[in-house]
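Look at the two complexes coming up: subunit A is in both, with subunit B in one and subunit C in the other.
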Partner chain A sequence: MTYDLVVIGGGPAGVAGALTAALAGLRVALIDSGARLGGQYFRHAAAHGTGHAAESGLARFLRLGERLGERADLLLRHQVWHISQNDGGDFTVHCNGPDGGPVAVRARRLLIATGAHDRPLPFPGWDLPGVLTAGGAQALLKGNGVVPGRRVVVGGTGPFLLPVATGLAEAGARVLGVYEANGGLGLARHPLLAMGKAGEAAGYAATLARHLVPYRTRRAVVAAHGEREVQAVTVARLDQDWNVLATRVVECDTVAVGYGFVPQIELGLQLGCGTRQDVDGSPVLSVDSAQRTTVPGVWAAGEPTGVGGWQLSELEGRIAGRSIAERPVAGVLTRRRDRGRAFGAALQRAYPVKAGWQGWLRADTLVCRCEEVPLARVREARDLGATDARSVKLLARPGMGWCQGRICGYAVSCLAGEPQQPSRRPIAQPVSLGALADTADGIPDDPATDPVDDPAH
Partner chain B sequence: MTFHITIDGRQVPVVPGQTIGAALHAAGVRSWRTTRFGGRPRGLFCGIGVCFDCLISVNGRAPERACLLEAAPGDEVTTS
Partner chain C sequence: MSDVIVVGAGVVGAACAYYAARAGLDVTVIDRGPVAGGTTGSGEGNVLVSDKEPGPELELAVLSNGLWRSLAERHDRQAGPGAHGGFEFEAKGGLVVAETDEIQRRLVELAAEQGLEHVLVSGPELRDYEPRLAEGLAGGVLYPQDAQVQPMLAAARLLRDGADSFGRGTLHLRLGVTVTGFVHSGERVTGVRTSHGDVLGGAVINAAGTWGGEVAALAGVTLPILPRRGFILVTEPLPEPLIKHKVYTAAYVTNVASDSADLETSAVVEGTPAGTVLIGASRERVGFDRTTSVPVLARLAAQAVALFPALREARAIRSYCGFRPYCPDHLPVIGADPRLPGLYHACGHEGAGIGLAPATGHLLAQVLTGQTPDLDLKPFRPDRFSEDSP
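Moving on, here comes the complex of A and B:
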């Protein structure tokens, strides 16, 4: 059977897009690697209390998810590792099923709604157990009901640090500080205020104040200390370029850090979708006003088209769903989407990553956690003439391990001195050779992965 | 309502729906493998299936991401 639409990703964008298209009469399947709908923002535990569901639109999202479940096929716990386009123009979505076995789903049209993941920066000791990404801390708390630690330090940049810190404090963790590397204005003049989010910002500020959590700008976690796990961090006061001015040591058992987000665009790249550079330099999928990518039959919504938060993602999903179903898109939707996009761009400008972080690293600081590549080896590669991230990767091997550069890719690009390039990953998830062999259509013929078409390979 | 899994024979409680990684982290087990070259301890980092730091062998199977794998009653985890 061939679906009219297969949506990849069960967050706000994917669910909105799938439901909109299903309500318009299309046969829809939605695929997500998680056990439950929600994506990163609406992540929730299997048994969530009504108190939690009332927060931040989660209750509403869950109702949309329920309606979707009645009208579309939900393939949860399915990890998509490749999408190929068949001769007739249809697509085959290759997944690892819940038991690890191969599952292939055919679709006339695709909606890529794969979200984003945290963008970490390396620092000495960042690979110690107990150091988590901000999203990782959030996943433990919201997805599993586990408070990540007793004494927690939150650091990085961007408004996402606020819900993470307030969530931790409300769950009973002692949050020793929220260290925002940008700003200098403090919560009272937080950019959220200037962007019509005064209520949201005030809510976070009140919660942090109630739990006596200090919020400090121009501060960062620049080192983690410990033997088998983190026992303390060095918190630095920074200048506006993030160079260290002064430091102090804070004892803690857990660290949650995040410096913005990396849009997950690899499925779009596999299909040959065009990209553009977002405000912060991240490669994102180019879409038109109806969320169409440059490849006919492929739409994208949410963070893969530019990081902007869940409300924008949902709007883009609804617009994509209407467009996929060949229904008119109300002007009010596109105007709200455009305002949301402008808001996302403003946030990215308010929370840039400044070059001073490179000075936090020591020669032996791991840049790539998978292949255990220290800064010294990256510098060695540069001294050998590697002036772009790809050459650094070939010489020193950062980004060649399990995560395929998802974690260190941004840092390696910065260290190599070039903007981040779209990473071509012909296979998006680990897959068994058996599953690969079972694939009837030839992956090597995919234009996006053809070495002739991609001189970078 | 809770059930148990074991890590190297030690019992760890699980609330249904929790991942193996979350259950271990909650029980104070914060690392369960070491790296190939430096022998560095590794556990949860990204928590959402991206970084592969949390690879773990469950019931003798090839390593999987502990942060994605929902725990089932009686799962036996072995560390390397």
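Moving on, here comes the complex of A and C:
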């Protein structure tokens, strides 16, 4: 069977796109690796219904998810590892099914709504247990109800640090500080205010104040210390290029750091979709005003087209859904989308990553944790004639391990002295050789025979 | 002005530069990209003698095999034992396995004709060499000389050791410089035009691999080099080494020698020092198309699992593809181009460029310094493809 539309990603963009298209009468399947819809932002535990569900937008998202479950096939716990285009122009989406076996889903059209992942920066000690990405800390909290530590330091750059810190504080962790590496804006002049999100910003500010959490700008976690796990961090005062001016040590058991997000575009790259550089230099999928990529039959929405937050993602998903169903797109939607994009771009400009972080590293600081590649080996590779990130990878192995450079790719590009290039990952998720062998010439299984999880609730 | 300009910083270009510098020549290496950015960076690092049929390529492979060993030993004398040449040199040996008695009989015949050091292995004995091999295989032949290198590091080390060892300023590396044409003086080539100005030299070596035909065309001569695509699957690092040798099926030998443009696959499976398992090999002539083919990956996986059932549970985390420089007669192009004095070629090694690189560089250095090359270069001559060649 061939679906009219297969949506990859069950976050705000994917659910909005899938539901919009399904309501217009299309046969839709939505694929997500998680056990429940939600993506990063609306990640939630199986039993919500408590105060958590009242959180901004979640209750509404869950209602959309329920409606979608009635009108579309939800292939949850399915990891997409490759999408290929067939001779007739339709697509085969290759997944690892819930039991690890191969599942292939056919589609006439695709919507790529795969979100983004955290962008960490390496620093001495970042490989110690207890050092998390900001998104990882939030995922533990939202998805599993786990408070990752008792004495937590939050660091990085961007407004995302605020919900992470407030979430941790409300869940009972003692947040010792939020260290924003950029500065000059402060909460009072926060772009959220300028963009008419005063309520959201004030809410975070009030929560931080209630829990006595200091919010400091031009500060960063530049080292983590501990024998077997984090016991303390070095917090540095920075100049505007992020060079260290002064340091002090803060004792803590957990660090959550995030320096923005990297859009996940590899499925689009597999299909040959064109890319552009976003304001912060990230490669993102190029889309037109109707969210069409440069490959006919493939749309994209949400962070893969440029990081801008969940509301923009949802708008883009709705626009894509209309366009995929060949319905007119209301001008009000596109105008709101355009304002949202301008907002996203403003945030990226307000919270850049500055080159001074490279000075936080020591020769033995691991740049790639999967392959345990220290900075010295990256330098050696450059010395041997690696002039770009790819050849640094070929000579020194950063990015060759489990995460395929998702964690270290940004840092390696910076260290190689080039803007981040689109990362080709022909195998987007690990796939067992047994399952791959059974994919025999790509003949798709019928997804209707697969166990399908209940929609989100 | 250099004595020699080498176009291409892949493993063959690096070897040409290394041996030319060792012979006392001043060398400039030019590449439009980084070191080992082309086919060298997309290979397995095969240093094989076992897969060559008797003839000029086998002789080249045997010469090269010895040179790889000397290069590794020379590096380790300075860097200390266990440095593996600085390029993960492993003299691990190759094990060719036969699925049927008929194939085993042919493998035994081939081994006798090759005259290489080898051990005939019966079906029941196979697992003494590779304990995790599937049951029911008919037998195999072990070739102790087969080895492996990390090809990108090998190219980079050759360039570095060449620059460090034979006098300061002997070997220049110019990366990110694209050759756009040739400089002629009368009938002779006297340099190259590049994106960064003219570079003059006494001789130009075309070591542009799969793009060697394009570089030759810039000089005004024809070399029929075509890309032959191959995919490699890479597993996650395994907790313990599963595979000791380079293990491949007999079909690999026939596929290497085949002229078909269609897809051919055969199992080539080996472990790496990083703990990953590399799985090849596919061959198809589809131009420079990098689109991943799931059917090809599925076939590679199926063949590897058939050989090593324990790999079923291992996960592939990466795949990559590269383009072998393919000549119609499967032999490389090595030597002076009689059609254009001053131009030399060292390209078209198909899937054997890593293995054959040192011998190629060594022989060309002999030619450039007026010595008689250790091997007759006639089978590799650049003008052998034109109809009017003798």
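Throughout what follows, the second predicted complex is superposed on the first by the 437 of 457 C-alpha atoms of A that agree within 3 Å, B and C clash if a C-alpha of one lies under 4 Å from a C-alpha of the other, contacts with A are read in each partner's own complex, and residues count from 1 in each chain.
Just so it is clear, contacts are C-beta pairs under 8 Å (C-beta built on N, C-alpha and C of every residue); 3 or more make two chains touch, one makes a residue touch a chain.
Computed from a predicted model, the values in this text were never measured in an experiment.
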{"item": "Partner chain in contact with A:369 - subunit B first, subunit C second, else both or neither", "value": "first"}
{"item": "Partner chain(s) touched by A:94 [first = subunit B, second = subunit C, both, neither]", "value": "second"}
{"item": "Which superposed partner A:332 touches (first subunit B, second subunit C, both, neither)", "value": "neither"}
{"item": "Which of subunit B and subunit C A:1 touches, first, second, both or neither", "value": "neither"}
{"item": "First, second, both or neither for A:145, with subunit B first and subunit C second", "value": "first"}
{"item": "Touching partner for A:401 - first (subunit B), second (subunit C), both, neither", "value": "both"}
{"item": "Residues of subunit A contacting subunit B in one complex and subunit C in the other", "value": "401-402"}
{"item": "Residues on subunit A engaged by subunit B in the complex (per definition of touch)", "value": "33-35, 40, 45-47, 117-118, 120, 127-133, 135-140, 143-148, 228-229, 369-370, 372, 401-403, 406-407"}
{"item": "For the subunit B and subunit A complex, residues of the former touching the latter", "value": "15-19, 22-23, 25-26, 30-31, 35-38, 40-53, 55, 67-68, 70"}
{"item": "Residue ranges of subunit A in contact with subunit C within the complex", "value": "82, 84, 92, 94, 270, 272, 371, 381, 384-388, 390-391, 394-395, 397, 400-402, 404, 425-427, 430-434, 436-442"}
{"item": "Touch list for subunit C against partner subunit A, complex", "value": "9, 33-37, 41, 152-153, 156-157, 159-160, 173, 175-176, 233-237, 274, 279, 291-295, 297-298, 301-302, 304-305, 311-320"}
